[in-house]
Amino acid sequence: MNLSFWMPVAVLATSLVTAMIIFLLPERRHTLRGTLNLIAAIVKIGLVAFMIFGVMQQQSFETRFALLPGIDFVLRADAMSMLFAGLSSVLWLFTTIYAIGYLEHAPNRSRFFGFFSLCVASTMGIALAGNLFTFLIFFEMLTLSTYPLVVHRGTKASLQAGRTYLRYTLVGGAVLLVGIALLHSMVGSLDFAETGTLRDVPSEQHGLLIIIFILLITGLGVKAALVPLHGWLPIAMVAPAPVSALLHAVAVVKAGAFGIVRVVYNVYGIEFSAQLGVLIPLAAVAAVTILWGSFQALRQSGLKRRLAYSTVSQVSYIVLGSALFGPLGTIGGLVHLLHQGIMKVTLFFCAGNYAETLGIHKIKELDGAGQRMPLTSIAFTIGALGMIGLPPTAGFISKWYLGLGALDSGLVWVLGVLILSSLLNAAYFLPILYRLWFKPVTSAWPDEQIKAARFETDPWLLFPTVATAVFTIGTGILAASPLSPLSWASLIAIREYLP
Amino acid sequence: MTTLTLIPALLLIPLVFAILSLLVTRPWRNAFALLGIALQAVAALSLSWVIFTEGASSTALGNWAVPLGILLVADGLTVTLLTLTAFIAVICALYAFFYLRAYPREERYFWPLFWFLLAALNGIWLADDLFNLYVGLELLGLAAVGMVALQATQQSLAAALRYLLAALFGSLMYLLGVALLYGSYGTLAMGQLSDLMVGDLTTQIALLLMTLGLLIKTACFPFHYWLPPAHGGALAPVSALLSALVVKSSFYILARIWLDLGTLAVPIGLPEVLGLLGTCAILYGAWRAYTASEIKMLVAWSTVAQLGYLLLLFPLALNTTEAAAHLAWQGTLMHLLAHGFAKGAMFLAVGTLVLAARSTQLSDLAGISRKLPMALFAYGLAAVSLMGLPPSGGFSAKWLLIQSALHSGQWVWIIVISVGSLLSAAYLFRVFSVSFVEGKQRELQPTHPMLDVTALTLALIAIALGFFGMIPLSLMELGTPLPESPLPTGGQP
Amino acid sequence: MTTELFTTELFATELFTTELWFALIGALIIGISTIGFFGATHILKRIMAFNLMGSGVFLIMVGLAQHDRGVDPVPQALVLTGIVVAVSATALALIIFRRYIASGGQSKLPEHRS
Amino acid sequence: MILLLLLVPLILTLLVRQSGETFQRALLIIAPLPALLVSLVIGNESLNISWLLLGLHWELTDLRRTLLIMTSSLWLIAGISTAGSLSRFQRRARYLRCWLLTLSGNTLLLIASDIMSFYTFFALMTFAAYGLVIHSGSNSALRAGKIYLIMALIGEAFLLSGLILAASLSAGGTVTPLMTELPLLLAEHDALLISAFLFLGFGVKVGVAGIHMWLPLAHPAAPTAASAVLSGAMIKTGLFGWLTVLPMSAYEVLPESAISFSQLGTVAIGLGLLGAFGAGVLGVMQTKAKTVLAYSSVSQMGLMTLLLGVALLEPNLWPSIAAVIIFYAVHHGFAKGVLFLSVGISHELGNLSVRLLQLLSALPAAALIGAPFTSGMMAKYLLKENANEFAGWLYTSVTLSAIATAALMARYLWLLGQESNTTQQSATSTLAAFWAALALALGGWLIIPTTLDLPWSILWEGSSLWSGVWPIALVALVSVALLRRRAGSPAE
């Protein structure tokens, strides 16, 4: 039981143990709960960093034990899992800090932070899962641990949102389970392999493989908010800001997209999926989602709902990237997995700041907010420019590689979709920036809770927002440096293709 | 302590304690019961350890020969079920210590009935001949009816009567089947019967009658009417024991009859009919649970629904390939275990909630997640296993059943299982959405923390089954009825 | 003399052996009592129907089991146990019924009440 | 590493504070200095940092230097003039931040030669300029800003798709090519569609006919100093984009590829002509001096598009045309800068008489038309020389365009008189900026280093003198006739 066995378990344990302890903590022990959360997050970043460093040195970390006859529970740290694990652990630290600040006087925080840590554990599990079965286990655990967060406020609307959320995700989970069961009965072991495992399936079973592919993608598509299955995402906006930041930027939506990436690359293998001809329809679905999401975002008047629909469209970039046959498309998809996370977290933090400090929920109430809350508005501007895909933010890098990948794989219309969606993003983000910076303050703030003392709002809320904004710019500017997510994604992409 | 002494000990301990606990006066009762539980647990675990190391063994009581004497067999399957019973009994007893403080009058008669129930269960698991099973069933039935009628309120007495009449009718049908079998084969020992059994008309009739009787006692779909009031109305530890163990024993006998003895005599269409009954149970139970307004009735109807899954064993295991049958058998056993632990945990957790809120109405439980987080967390974990969501034992069971359905190419059961788990999610999450409601608060009575701890331990075992499913499955392999029985290799590839 | 001749010959042909008669009569009793058990709504009637059905089953058990191997002790033992169980079950049913009436319930189960 | 100095204005934007007018004035003046110093002092320098953006590569070549000198000096002059009238601005901090961001975008753009940094600064300049356009906050300014932004976005979309398509042509696409390598790529793959995208992408910024609508709206809406820079310097970035990206520069290597770009060439010539003359006609009918100037910019840029078309069609003409375009751009920049500033001063005449202002601004106007002894004459001569080599009718059309410009200038001068009001006193620094701009416009072209060997002889050659004078004489006659008729009828 050397280090390589216990390291993945340790990463999971940091949040599982914290969750258990926090559940037991009485409500009034705020400081202890906060410090416990922060320590857990920092320890997790340390462990993940150590593993990333290890993976660079081709060291293998794997936990494997038999779960059922013929089924193993596998946690493995390969390059792809470290990409997602890295993103989650870093963004988690910021979301935790933000949540501590956000829920300053809110009731039942023990329950909130307990499920919050459970969510981390399941996201880490999804990242580290070594085969489809373990992935499914943590995928469903994620649903269960995010439901209480969605209904945390206990109002009628949040309960309705929770019910819709469950209806979508549980049905998705059932479809996924049937898909995986079919695949297991056909192929046996479901371990992820660098270039996919299904190449040597006899050709007469390819029809069934396509059906299984559709089942898997539908199951995962619910969480990845592909168009017909995204209904839960805008409704779940009723949850508190750290939860919507968590749901839409780091955990749930990313889990779905990451799952699709895993299925396409590590189960089917990109060459085999291209041979099966499933990539083009997948790209089509992703393209439809991108455009549809952007159109819907245009029509929203609520700030968070507009961000939600923007997430629906942005996540499909990742799916689009994985559907483009060629290393460039892969790099684009993978790197967007990170970039979208960072940018979307920034935007949601800003939305949360506006709501918490000035009580702004509607876009038209944002007039002149740039004056009153300059730092948050600058962060929002950086995030928005990132979403539009303007350099030097990280968004440009992923759009650049997705464009190149589209041309490399011969789907020129995909470039058209990318450009059109950038224009649409501009169409629904620039008016907000216009209101922030160029409009004078018309009426009093709807509900100004936090007065502008030394900082424009509570430092707990401000620091993560600014930090993630700096991250967005940083990953953009330092894109070509060896440590950047771009180089890590290219490292993965090269391995995904047959030599 | 060889198996020779251990196996009868498992029967003797509960019987002795049953009688003595009647005599013990009030202050000593808890200590005495604790001693009994400890002994019982030690005996069960040591037997399972012995079986695990040395393999299956059996002892003849008073070593009389089989046709007349009673043979007690302890193979892998029996030991797994014994350990299940021991675990649940120990935890329900611990729960009962603190729960019955609020019910002094019931406490006096709870313990003797508890021990009789335990004796009957151990008797059924260990028995290897049909008539001994009949005796076990009867003892179990009477003890269970006694427990249901403990509170002596009008509803509980009506429920007890209804349960008793149904149980008696069922056992008589079973006895009739036994009589016919004895008439045509001259022996009742399972081992000999399975070799002699031939598929003629009388055997089929006998087996059908026994199936009818056992279906009534397992409260399967058309005959489920007595279960919800009985399990819903009873005290929390009682309903936990009933739902987790009692209904399972008659199913266990049904499974052994068909898979062990009557594999040759399976009339065409029976497995499919049983499968259909199971599906109807899942759907009807889920619908009634979804519309139940009382939380205990919701959980009781959930038992009716979950029992439907057990019936899926027959279409998956009879006249299908070897691999499919084996997977189905493993799946069913895993479901038996997981449902036992999860339903036990859920009834205990719900019992705490009802005790604290002083009302069984679901709407009165608004916002309890703030006051009773641990009880709700236990309920949550149990719900996860019942819904068959990973990482729980329920999920492994669902996975095995789906695999077996895939191997035997019967698609319909996959759909049934998936839809069933979604429906169970629908009604189980009702409690959650109520518990998260902020706003009006009923003031809650303080409850003993041990109530939560026991419920949580059972729930955690149900979840742990998901991770350590291999242990019971490998334990079960030792001398299971299935592998060596000559399965017809007909049916789909 | 003629009567038992009459009875034995007529009924002693291969077709109607004594065991078959026991089985037939037993089956008849079970049939009647099942109808009674489910037809009746009064609980007392249902308990008595159960007793009748029990004796029918015991009749079959004794009748069928008289194998040509001569006297067979096993069915005797089974029937004895069966009778003991039936008696104790009826006792329990009656007590619960009495408590049920005492606690205000009518003589019918709630769902049978019109 | 010196080139990093150009990042100074970007850093200065962070220092802008709400209060401290003097500090803000200082910022306005200091900001363009580093760019000016670098362009004047530093030789051909290049800077590449592999780990920044997607491999940062900046370089300063002769072509870029001349444009950088013109741009930074124009920004300096505009900065001085804004500093003068700063006290009358509301929301000074926001205006100043937009000013500095546009300035840094404009200057850094000229030295950036890797795709990502070029696109970054191009986008930065475009979006920051929006702040300048809508600064006055009036409805017409907001409407102008909206149209400006929408057309800019469409331009950016074309540009981005063009760049991605071009970059994908390079081997395997894993290594992102430099801007300067694109022409070769385009030429090798005969990528007509991609060049068309790039042409349109930069065309929006240049104000090519058909996609110029934002220009006559945005320039007048902005404060005068800002519109001077908008018209003078920022339009030229479009030209610069064309010169670096379009495949003409690869013709020496692959002359035969010119055929595939001939359609684009003809379209460019057509648009150029349409722009030159159409803008002239529309410009004359305008009622505001700054709109007339905007239309004159559109018409001048029409000429540039014309020249570009010629370069696309004739491979061997390219080296001279490139230099001519740059020279013409510089000449137009300075002249247009002065004219805009004079409009600014006309609103705050104070003791300066209207007639004197009209006379003074007539000089750069004449330069624009191509009057003798001015940069205009030299620029026009070079332009006609190239046009003549291509086709006879082109030569005549270019000369005719001089009339259009002259008409516009006359209209402008007349409007200048109308709009002048003598109530306010313009600050000394705005006047100083005007004089400096005037000096630059008239003499600047002599000192600015260009790769061309200017044919000094034409200055006193009869035919070129006459070709410079007759358009002015003709328009002067027409406008005098018009004035007398207007003075005669009492409708005034």
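For reference, chains read A, B, C and D in written order, and residue numbers begin at 1 within each chain.
Just so we're on the same page, a contact is a pair of C-beta atoms (placed from the backbone, for glycine too) under 8 Å apart; a residue touches a chain by one contact, two chains touch by 3 or more.
Bear in mind that the values here come from a model prediction, so they are computed numbers and not experimental data.
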item: Chain closest to the middle, measuring from C-alpha centroids that were averaged per chain; value: A
item: Chain pair with the higher count of C-beta pairs in contact (A-D, A-B); value: A-B
item: Centre-to-centre distance between chain D and chain C (centres being mean Cα positions), rounded to whole Å; value: 112
item: Interchain centroid distance [CA atoms averaged], chain A/chain D, Å; value: 45
item: Between chain D and chain B, distance of the C-alpha-averaged centres to the nearest whole Å; value: 87
item: Junction residues of chain D - those touching two or more other chains; value: none
item: Touching pairs among all chains present in the structure; value: A-B, A-D, B-C
item: Parts of chain B lying in touch with chain A, wherever the complex brings them together; value: 330, 367, 369-370, 373-374, 377, 380, 384, 387, 389-391, 395-396, 398-400, 402-403, 406-407, 414, 418, 421-422, 425, 429, 432-433, 436-439, 466-467, 469-470, 473
item: Chain B residues touching chain C - in the complex, by the definition given at the top; value: 67-68, 131, 135, 138, 141-142, 145-146, 149, 152-154, 157-158, 160-162, 164-165, 168-169, 171-172, 175-176, 178-180, 182-183, 186, 188, 225
item: List of chain A residues in touch with chain D within their complex; value: 327-328, 389-392, 396-397, 399-400, 403-404, 407-408, 415-416, 419, 422-423, 426, 430, 437-438, 476-482, 490
item: Chain C - residues contacting chain B, complex; value: 23, 30, 37, 43, 46-47, 50, 53-54, 57, 60-61, 64-65, 67, 69, 72-75, 77-78, 81-82, 85, 88-89, 92-93, 96-97, 99-100, 103-105, 109-111
item: Interfacial residue positions of chain A with respect to chain B in the complex; value: 23-24, 27, 66-69, 71, 73, 107-108, 110-111, 136-141, 143-144, 147-148, 151-155, 158-159, 162-163, 166, 170-171, 173-174, 177-178, 181-182, 184-185
